[in-house]
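Chain IDs A, B, C and D follow the sequence of writing; residue 1 opens each chain.
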Amino acid sequence: MLLLEGTRRGTRIALGVVAAYVLLAAGARWVAPQPVSDLRTLDLMNASLPPAWQPEGNRAFLLGTDEQGRDVLSGVLFGLRLSMGVGFAAVALAMLLGLAAGLVSGYRGGWLDALLMRAADAQLTFPAILVAMLLDGVARSVLPRSAHPTLGVPVVIGAIALAQWVPFARAARVGTLVEREKGYVQAAQVMARPWWAILLSHVLPNVMGPIVVIATVGLGNAILTEATLSFLGVGIPPTSPSLGALVRNGSAYLPSGAWWMVVFPGLALAGLVLAVNVAGDGLRDGLDPKQRSAVS
Amino acid sequence: MLVVGLLAFAVSTKLGDPVNNMLGQSATSEEREAMRRELGLDRPFVVQYGRYLGRVTRGQLGVSYRLGIPVGELLAERLPASVELSGVAMLLTLLFGVPMGIYTALRRGSVVSKVILGGSLAGLSVPTFLIGLLLIFLFAVQLQWLPSSGRGQVVSVGPWTTGLLTASGLRSLLLPSITLALYSLALLLRLVRGELLDVLQSDHVRFARARGLPERSIHFRHGLRNALLPVITVAALQLGSLLAFSVVTETVFQWPGMGLLFLQAVQFVDVPVISSYLLLAAVAFVLINLVVDLSYRVLDPRVRSTLGGT
Amino acid sequence: MTGPVALEGLYVALGRPDGEIPLVQDVSFRIEPGRVLGLVGESGAGKSLTAAALIGLVAAPVRITSGRLGVRGRQVTLHDADAIRPLRGKEVGFVPQDPFTSLDPLFRVGDQLVETLRAHTPLDRAAARERAIQLLADVGLPSPAERFEHYPHQLSGGMRQRVAIALAICAGPPLVVADECTTALDVSTQAQIVALLARLVEEHGTSVLLITHDLGVVAELATEVAIMYAGRIVERAPVARLLRAPGHPYTRALLDAVPRIHADGGGALPAIPGNMPRPGELPDGCAFHPRCRRASDRCRIERPPLERSGDSELACWHPLETGRSGG
Amino acid sequence: MAETAAPFLELRGLTKHFEVPRPLLARVASRRPPAVVRAVDGVSLTLRAGETLGVVGESGCGKTTLGRLLVGLEIPSAGEIRLRGQPLEGGAHRRPRAFQRRIQMVFQDPYASLDPRWRVRDIITEPVRGALPAAARRERAVQLLGQVGLSAADLDKHPHQFSGGQRQRLAIARALCAEPELVVCDEPTSALDVSVQAQVLNLLGETQARLGISLVFISHDLAVVSHVSTSVAVMYLGRLVEWAPRSVLFGAPAHPYTRALLETIPDVGRPGRRRAAIPGEVPSALTPPPGCAFHPRCPLAEPRCRVERPELRPLGNGTLVACHVVGADAPGGAERR
């Protein structure tokens, strides 16, 4: 175990960074210098200010302002809140869907298994972003226009979850197929314990390891997907300050040299996803003894 | 294929009401009805599907609601740009991803490996659009070395327009293809590394060592060949995600490809374009899967004999 | 011609940040050409590690701390990875345990043979191919020229093990290490493989280290037996003497615990109470004393050295009288 | 009651076929019916209460499938299983609970047979989970641990804290928890070292004598089977080839396959002896030879063996054998070894 020392430290730092992000995002309301979407506090005099340490910077706006005088730091903090919220919710939903599908199809087998895995194959050939874009498009055209602002976030969550359930289902299914052959599962079958009880008491706890790893990696991907959708302008309604939308907004001013509108939201996003991915990597190495020796 | 067709069609009928988008909110109900009839949207579902299939097999994909141009023409015009972008990105991915994966697996402790692995983790974490924007800012805005958008000068070779034959076309291709390749490159190199490490610990490699085969042969003949089997599947799926991410890249670089077309279609609910794009994507994926299956037949004797024999 | 093969003072340990845990301690033996030494022990006794050490396939965090192999009049230090590498295949052949996973599934068995031959001999491709087919015939594969073209998955377990043996002996190594090479096979196939090994030893005058937990296979094939317990050799003797009249109480108990065919059932089996101690939890004195009926205070404090008398060796303070008849 | 006359356990023509799935392409390309493995093919046997039936054979002979059919992990394709005259139909879940409770199983791999996340007390009382209150279950667990030679101090441990032999003791304790009448043991000692194997075999023997349970003991090891069995069934490629009381089977083996198997056992007591090898290998279960499945390897094979499948017939000394040749002229005259 001590061989892992180095990796483990990295993993712990990464988990710490993720935790810090969570705290910052959850406390955005109190930490952010400027409340979001309060037009009264905006002053066009403060528009397009560079970060505070630059000659034209203003101490009140640490990371500068955008073209309407909005504080970039506040935007980033509120954006993080939204991005992480969407990410966590989407992954939780995908995990739930995938676990249910994978456990049942792996344990019961038969046509249900064939059907679910066909669906998973089909899903895999359509990358997450396409699925999300498509679903979002469908939802937007089916739902009444007035519902868009309120339903935008749930639709994006659903779209990302639907695009991500497959890895969970696959891992859960493979794990279940292995567990099904284990003596303790078969002993429980001989005892005629009901199948759902066997699934919950023996199979589920023993397949959770890889699921946790997939969930961390999936979280990174979900956050990336949400940001990408917002960047493309299909997803979260533009009124909500997501990180992707901030970058999209800022990118228009990039040619004029206003790099801070793009770089800070982008860095915040990349840092978050990087921390999540490092943590996921560490968890995987910790779980897989074969990889363990490979890391040192 | 029929299923995909049905899916594409379901999208094309259910995906909102193009009439609203075309005529705007102020149109009268008579105007809407006329429009509907003109587009054939008043027929029952099955009839519409039948007609749709018939049209598709004849190569008629409908007319774009937004641009009023037949979708077939639109796609033919945009296809080369996307194919060249994805193709070059795939090439970069394979050209760098596989060797880097091998290197990091064989030289596990070295500094270079650590840098590559760290870089690959970053590559997986930094969103594609951000990379694109930063590259534009650096090379196009600050240094002004490379163009920030478009395909540059293109040459027509028959129906195909290519940017690969002109200097400006190649210069324009550089940034977008690197942007597009980075994510799949990072993914592929980590996959190659993981698979190779697994194979190098397998029983048959242990036995190959035990009988004194040279390390070169163990790594490249026995190790790599076994490791590449699962990589093929993922690399092929990667081609799919390149297609998806090309939506992002094409947006950032205003690359006149299908991704950009698709994005605009989604935003405008331009149904014929969306469903045709999906259909095309589905055909591409089916083809890719076919190629994967065939390459397994060539590379894996076990698959070969289950198909050929019994 | 090739002379005896000798291992001297092999120590293998598991590296931990808080120190090393010994896994194999002071294992030495000598095998004359054409002889088979059976190295017998229960799981965890260190026998497979001894095999791995001889071909330099001990993977970190386990490492060889010391040990020397004498082969063809040369002395090689085993903890030097670069020194053993050239020995693999050429001086030391290795027959693996599991024939199902030990051959590369993507290459024809003939090509794997040709590749190995060409790594160790100056044969050109055509000559190597001819030699490979001859080797396949030697190990008893019917229609060898046809089998040459086959992939491993097209062969049965027994045939794959024959191919593995051909691969191990193709360069004519003076020492062949067979690690549990019959364990994964059915009894009827096992008997065939044992017969094959016996014939090859005779024909080529190879020294064989036969590693197994199966005393039956040892009885059949070995000329000499060494018993390992908790990382050390505790007894070594010619096979007939060791099986009939062992000196070490552990050997005796092990032999008694082997079930034999009893048409009348034979009642309860004499079992050894308890379990072998895990590495790092070795008791003081003789490692076997907690399970030994003859153990005295001395056994609990002082470890008996492996002492030589005549053609056998024994590490016990209270050995059984040799000459007592077995079974 | 009719039950008194019925044997404790009876198998009648028990059969299990598996369809071998083929890749889609092959299924589309050829119209042949899917390949079928006859894992267990028409096995009829009986077992009296309190006795042990040993089932031996090489890998692929169907012995494991037979055990799984008995405990309800597989559903028979044909034939039936009767316990005290009552037919047991379908899998474990379909059978009447009161009957299924009487049947338990001990598995081969001690490392996979106990849930690594559970505590010993929960593992060994799983059969009465929900049926007994916690205090009673704890009491039962302590009692069971005593029965298999472990102590109450082990109650809260996890499986990884035990050696292979101790785990197999725990698996036996779990099987005993339901107070079974029949325990099916599938190679319970083949993953263990000899010294530990002897401990576990002795424990099984003592337990059986004390509680009067019946055992079906599945093993590839004839010597082990000779120690524990009252009667022995020898299987080859899914079929029963010989079934006899222990003393008869080992004293006067009848079927050429049984005799050959006995010849291939290495003997620790006779160093240097070369055992006779059976020529060839077990054929694929997908394409068993016609007639008697053993004929390609049989020294006694006659032309008839290649076409006609021998049925089980009595030899008079308690042996049932499926062979055209042995004892054909002199019933009960299987020569002594």
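Here is the rule we use: a contact is a pair of C-beta atoms (placed from the backbone, for glycine too) under 8 Å apart; a residue touches a chain by one contact, two chains touch by 3 or more.
These numbers were taken from a predicted model, which means no experiment stands behind them.
*Asks:* With centres defined by CA atoms only, which chain is the most remote from subunit D?
*Replies:* B
*Asks:* Of the chain pairs B-C and A-D, which one is connected by the greater count of C-beta contacts?
*Replies:* By the number of C-beta pairs in contact, the winner is B-C.
*Asks:* Let me have the rounded angstrom distance from the C-alpha centre of subunit A over to the C-alpha centre of subunit D, please.
*Replies:* From the centre of subunit A to the centre of subunit D is 51 Å.
*Asks:* Roughly how far is subunit B from subunit D, centre to centre by C-alpha average, rounded to an integer in Å?
*Replies:* It comes to 55 Å between the two C-alpha centres.
*Asks:* When the C-alpha atoms of subunit A and subunit B are each averaged to a single point, how far apart are the two points in Å?
*Replies:* Spacing between the chain centres: roughly 22 Å.
*Asks:* Going by the contact rule already set, what residues in subunit A reach two or more other chains?
*Replies:* In subunit A, the residues touching two or more other chains are 296.
*Asks:* Taking each residue of subunit C in turn, which ones touch at least two of the other chains?
*Replies:* Residues: none.
*Asks:* With touch defined as at the start, can you tell me which subunit C residues reach subunit B in the complex?
*Replies:* Subunit C reaches subunit B through residues 55, 57, 85-90, 93-94, 96, 98, 101-108, 115-116, 119-120, 151, 153-154, 164, 167-168, 170-171.
*Asks:* Going by the contact rule at the top, pick out the subunit B residues touching subunit A in the complex.
*Replies:* Residues of subunit B touching subunit A: 11, 14-17, 108-109, 121-122, 124-130, 133-134, 136-137, 141, 148, 194, 197-198, 201, 237, 240-241, 243-245, 247-248, 251-252, 262-263, 266-267, 269, 274, 278, 281-282, 285, 289.
*Asks:* If we count contacts the way the header does, which residues on subunit A are in touch with subunit D in the complex?
*Replies:* 181-184, 186-195, 202, 205-206
*Asks:* Quick one: which bits of subunit A touch subunit B in the complex? Just the residue numbers, please.
*Replies:* 124-130, 133-134, 136-138, 140-142, 220, 224, 227-228, 231-234, 244, 247-248, 251, 254-255, 257, 259, 262-263, 266, 269-270, 273-274, 276-278, 281, 290-291, 294, 296
*Asks:* Report the residues of subunit D in contact with subunit C in the complex, numbered from low to high.
*Replies:* Touching subunit C: residues 58-59, 163-166, 193-199, 201-202, 205-206, 220-224, 226-228, 246-247, 250-251, 260-262, 264-278, 281-282 of subunit D.
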